[in-house]
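The data blocks that follow each hold one structure.
In what follows, chain A forms one complex with chain B and a second complex with chain C.
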Partner chain A sequence: MLPLYLLNSAKSQPILVELKNGETLNGLLTNCDSWMNLTLSEVIQTSPNAEVFTKIPEIYIRGSHIKYLRLPEQTMDYAKEQNMINMEQRNKNQNRRGGRPNNNSGNFNRRRNDNNRGGNYNNRRGNSSNYHQSHGAGDS
Partner chain B sequence: MSAPNSRSISDGSSNAEDLYLEAYAFTTAAALVGSVDRKIFLLLRDGRNLFGVLRTFDQFANLVLQDTTERIYLDAEGSKSLEKPARFGETYRGVFMVRGENVVMMGAVDIDHEDEHLEVLQNIPFEAAEAELKAIQRERVQAEKQKTKSLLSRGLINDFTKSDLY
Partner chain C sequence: MSSWKEFLYKKVRVITTDARLFEGKLEGIDNATNIVISNCIERIARVKGTDDKYQQLDMGLYMLRGGTVVCIGEVDESIPVDWENLTGDKLKDTKNPL
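Showing the complex of A and B:
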């Protein structure tokens, strides 16, 4: 589980962000991306010397300015749970689509699906080459 | 006759394997894979000392620590007197996600001996330690500012930034 995946599963939870300049921001994580850019809501901003406190309804943080984040204690467990639920859901969908029931992870299923698609593509190409061949025969 | 021969051959091959593995030792963030689920020590660029269990990392060496404590080490009260012990203050911080670029160094902590060095130190409240550290850092920044000024007047550069307090 990568750090950014963990951050993704901490959405809507209260987090603390400290910026490189020492400023801290407490708020609910509304969104994040793969650059660690964040949007927080209901934010309390604290100045580096912890003397000025400002209430801000919504804020955007550029990822490169972040020093560290502090996440709620249960984030790790929650992310694991979410991961399990997603896996199960994926497996279920696979079965409904007529895939063989198996205990493999969702990833494996997806790859097998890709292989099938690859097979179809090859078949189609086989047909088209037949088409060209027949054309060639007609020309000569 | 043949047995010792075969053994010497297998010895040779195991050495070759070692060489092979050494040649492919991880040098990038992947080297951290051996520290996952171990207790580690982390020094940040701002001078923070963090101790926690490394749970995950990525290619930027962004690190996730669980059950983290932050610890501040201070010299003995007054100056570096020999009568009084050096001091430390620590506090529990929980889950940390540190952006890799802010890490100065990281090391494994031997959990059997991690508290031994604290026995000779005096434990003080974290808030007091933090306040004292902040004051020391403020002084340092002021001193460096002066130094920068005097060096610059002689056409020299002082390599110091406020955020590098480690």
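Showing the complex of A and C:
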């Protein structure tokens, strides 16, 4: 289970974030991205010495500023469940695509031809660009 | 070879840059060393020469950002540790103020 995948499935759940400066933020995770940047809503911010508590309706946290996160225990199970559902869906799609084996091998051959043609095309383009270059050199 | 793969789903201890020790089951890790630990506990050992009690805090499902991880090690459960009476020098954090 990748950490960021888990974080994704913790959306709309209450989480605790501790920042590098010791501040903690309690709130509902509204969104996150692959840099671990977060947006939280209904946040309670606690100062590093745990003396000042501030209520904030919404906050954005830069991922690099995070030290750690505490997630609800059931997030793990939920993420596993989601993962299973996704896998099943993917398998279904794969079966639908691979349903016609004869057609499949035909596709493979055609793709090989396409590749060859692509090579020719590239070569031709290489020649034509050479032509342009020499042409330009003649002009100057 | 040296890889975190052999630690996955095993009980590990992690030391962080702010000199804390966490223990739990390693559920996930990525290329940035972001770590997921389930049933995480923080162990706060007694510091030599003080009357502090040993503390063990339940943290539940815990996700550590890669930048804060110093080391990860598998726990050898065949070695008993008497945490209550264990004392040691306080770990310094990794920041080096000039």
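We adopt the following convention: the second predicted complex is superposed on the first by the 92 of 140 C-alpha atoms of A that agree within 3 Å, B and C clash if a C-alpha of one lies under 4 Å from a C-alpha of the other, contacts with A are read in each partner's own complex, and residues count from 1 in each chain.
Criterion: a residue touches a chain if its C-beta (ideal position, glycine included) is under 8 Å from a C-beta of that chain, and two chains touch if they have at least 3 such contacts.
Since the structure is predicted, the reported quantities are computational estimates derived from the model, not experimental observations.
On the superposed chain A, the two partners chain B and chain C do not both fit; they clash. Touch criterion not met for A:Lys11: it reaches neither chain B nor chain C.
Once the two complexes are overlaid on the shared chain, A:Arg62 sits clear of chain B and of chain C alike.
Of the two partner chains placed around the shared chain by superposition, chain B and chain C are both touched by A:Leu71. In the superposed model, A:Asn21 makes contact with chain B only, not with chain C. In the overlay built on the shared chain, the residue A:Leu2 is in contact with chain B and with chain C.
When the two structures are aligned on the shared chain, A:Lys92 is found in touch with neither chain B nor chain C.
Under the contact criterion defined above, the residues of chain A that touch both chain B in one complex and chain C in the other are 1-4, 6-7, 20, 36, 63, 66-73, 75-76. Chain contact summary for the complex, chain A toward chain C: residues 1-7, 20, 36, 63-64, 66-73, 75-76. Taken together, the chain C residues at the contact with chain A in this complex read 16, 18, 27-30, 34-36, 38, 59-65, 67-68. Taken together, the chain B residues at the contact with chain A in this complex read 44, 46, 55-58, 62-64, 66, 93-99, 102, 163. Of all the residues in chain A, the ones that touch chain B in their complex are 1-4, 6-7, 20-22, 36, 63, 66-73, 75-76.
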